[in-house]
Amino acid sequence: MITISVILEFIGTFAAAISGIRLASNKHFDWFGAYVVGVATAIGGGTLRDIQLDLTPFWMTSPIYLIASGLAFLWVLFFRNTLNRWAQTFFLFDAIGLALFTVVGIDKSLAAGYPYWVAIAMGCVTGAAGGVVRDILINEIPLIFRKDFYAMSSICGGIIYWQLSTHGLVGAPYLQIITGSSVFLIRLLGAHYQFRLPTMREMEEEQPERDT
Amino acid sequence: MITISVILEFIGTFAAAISGIRLASNKHFDWFGAYVVGVATAIGGGTLRDIQLDLTPFWMTSPIYLIASGLAFLWVLFFRNTLNRWAQTFFLFDAIGLALFTVVGIDKSLAAGYPYWVAIAMGCVTGAAGGVVRDILINEIPLIFRKDFYAMSSICGGIIYWQLSTHGLVGAPYLQIITGSSVFLIRLLGAHYQFRLPTMREMEEEQPERDT
Amino acid sequence: MITISVILEFIGTFAAAISGIRLASNKHFDWFGAYVVGVATAIGGGTLRDIQLDLTPFWMTSPIYLIASGLAFLWVLFFRNTLNRWAQTFFLFDAIGLALFTVVGIDKSLAAGYPYWVAIAMGCVTGAAGGVVRDILINEIPLIFRKDFYAMSSICGGIIYWQLSTHGLVGAPYLQIITGSSVFLIRLLGAHYQFRLPTMREMEEEQPERDT
C-alpha cells in the first residue's frame, strides 16, 4: 500500500539527491561520482542515525532510495537546463524531506527507547546530516554550518514534538503531522525572511594551542 | 593454513596502504599520519561494510591488516625512490585487491541475508570506499568520483556475480573466481583503454537553492 | 555520585569542544555550526569506538557531553577575548581529556573481549579521532597527522598499559592511573620539548598510478 508517508519520503529523497548531484556536477564529477554523492546526500543522515541506534540502515531494506536517487540523476542529466526553473519546486520538495526525515528520526529514536533529547538530536541528524556528508564528499565546508536556518528548523520541530508529547497534548498521528508541518513552515519562513543565526567571530590573535 | 585467498587479501591490503601512504607523503604527513592514512585506505571500505551489516569490523579480528599496512609504510619509507619503477606491480596488486574485496563484500552481504542489489553495492563499498576515506583524510576530492573506471569495475563484477548466481550457472568457488577475475580484467582493460564515464556538466546559472 | 573520573571526563569534553568551537569560529561558522563542530570534536572519537565495538554510543547515555559542549560554546561566545590568556589551562584540560579517553577506550575494548592491540588502537581512536572529525568538518587536513606528538602520546600510554597488565605488575585502579598519568606527561613533555615524528618526503616524479 502506497501511503502518503511513502510518497513524501520519495519526494524528500529525490530532492536531497538532486542537491547532491547538482553540486557534484559543478565540480565535474563523472556519472558514477555524481550518483554516489546524490545517494549519500539522500541516505547519509538516516544511515548515521540507524548505525548509532544499532538498527539496519534503512536504505538496505528497500531499493526505493537508490531508485529515487537514480531518477534524480536522470533528471539532472537530461533536464539540466530546466533546473533553475524548477528551483522553487525542488526547494519545497527538500523542505518536505527535511520535515519528514525529522519526524522519522524522532520516532525511530523514541521507539528504540531513547529520551527526547537524543530523539531531537537524531531528528536533526536524519534531516540535515546528509547535506554534511555531501559537502565532505565534494570537499567543501558544510553549508548548514555557515548559513541558513536549515538544521535549526529540524531542531525547532523536535522541541515542538517533545513539548506536545510530554504534556500529552496530542497523540499519533497528529503529533507527527504537527511536528512535520512546523519544520516545513519554519524552513519556508526562514528562507523567505532569511533567518540567520549569528556568525562566530574570529579570534584576534594567533592560537598557540591550535594543535591540541 | 595459508590459503590463496589470504595471500590475495594481504597483497590487496598492502597495495591499498601503499596508495594511501604515498598520497599522505606528498602532503607532508608525518610517520603516524601516513601510516594511519595507509590503514584507513586499506580497511576503510570493509569497515564501512561491516558496520552497516552489523558485523565485527574485520580488521579487529586479525592483526594482519595493520601489519600489512606497516610493511607498506616501511616500503614507502625505505624504497621511496623505487616506487615509480614498481608502479606497474602495485597497480596489479591494487587490482587484485579490488577484485578480492568486491567478492568478499558480496559474499558477506549475501551471507547476512541481504538481496543482490545490497550485495553489489556492498561489494563496491568494500573495494572502493577505502579510497574515498583516504581522499577525505588528505582533504582532496575523491578521485574515484572524477576519473577512471575503478568503482565501475567492481559494480560490473557484482552484476556478473548476480546473473551467474540467480540463473544457477555456476556455484562456489567458481562463482567467486569468475567474479573476481572479471573485476580484475575490467580494471586492467579500463586502465589500458582509458575507459571513462562521461563527466557531468556544470549548471549554467547561479543556483539560488544551493543551500537547500 | 560524582567521582574524579566524571570530573576529568567533563574537563576533557569541555576542552575538546573548546578547540572545535574556536577553529569553527575562525572559519566563520554560525552558532549552530560552531556548537556542532564542538560536539563532534568532543564525542567523535568515542562514538567511532562504540560503533566499532557494537556498543551504544556513549554520548547517547547521558546529556552531560552535550551540556559540557554547550558550556564550551558559551565560554567562547562570551569570553572570546580571554581565550589566549586561558590557552595554557585549556592545553592542560585537553591533555587530561586525551589521558582519560585513552584509558576509557582501552578498558572498554578489553571489556568487550578484544586483544591488547585492538585496545591500544581504540584508546588512540577515543583520544585523537575527535580532532580528525573536527578537521574534516572545517575542511582542513587533520592536524594530528602533520605535527605534534598527540596521538603518539595515547599510543605510548596504551603500550604501557599492555606491558603492565600482561606482566601482572599492577591491577586496577593503579593500571588506569599509571596509564593516564603517562599519557598526560608524555603529552606535556612532547609539547614542551617539541617532540615530532619525522615527516614523510614527497615522491620525486609524477605518479601514474595515483588513481589506483
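Which chain is which? They are A, B and C, in the order written, and residues in each are numbered from 1.
Note that in this section a contact is a pair of C-beta atoms (placed from the backbone, for glycine too) under 8 Å apart; a residue touches a chain by one contact, two chains touch by 3 or more.
It should be emphasised that the depicted structure is a prediction, and the values quoted were computed from it without experimental measurement.
A rotation of 120 degrees, rounded to the nearest 5, superposes the Cα atoms of subunit A on subunit C.
Interface of subunit A with subunit B: the two copies contact each other largely through different residue positions, with under half of all numbers used appearing on both sides. Note: centroid distance subunit A to subunit B, computed from Cα atoms, is 29 Å.
Subunit A has residues 51, 54, 136, 139, 144, 147 in contact with two or more other chains.
Taken together, the subunit C residues at the contact with subunit B in this complex read 51-52, 54, 114, 117-118, 121, 132, 136, 139-142, 144-147, 151-152, 196-205, 207-212. On subunit A, the positions that touch subunit B within their shared complex are 15, 19, 21-34, 36-37, 47, 51, 54, 56-57, 60, 63, 66, 76-77, 80-81, 83-84, 87-88, 90-91, 94-95, 136-139, 143-144, 147-148, 150.
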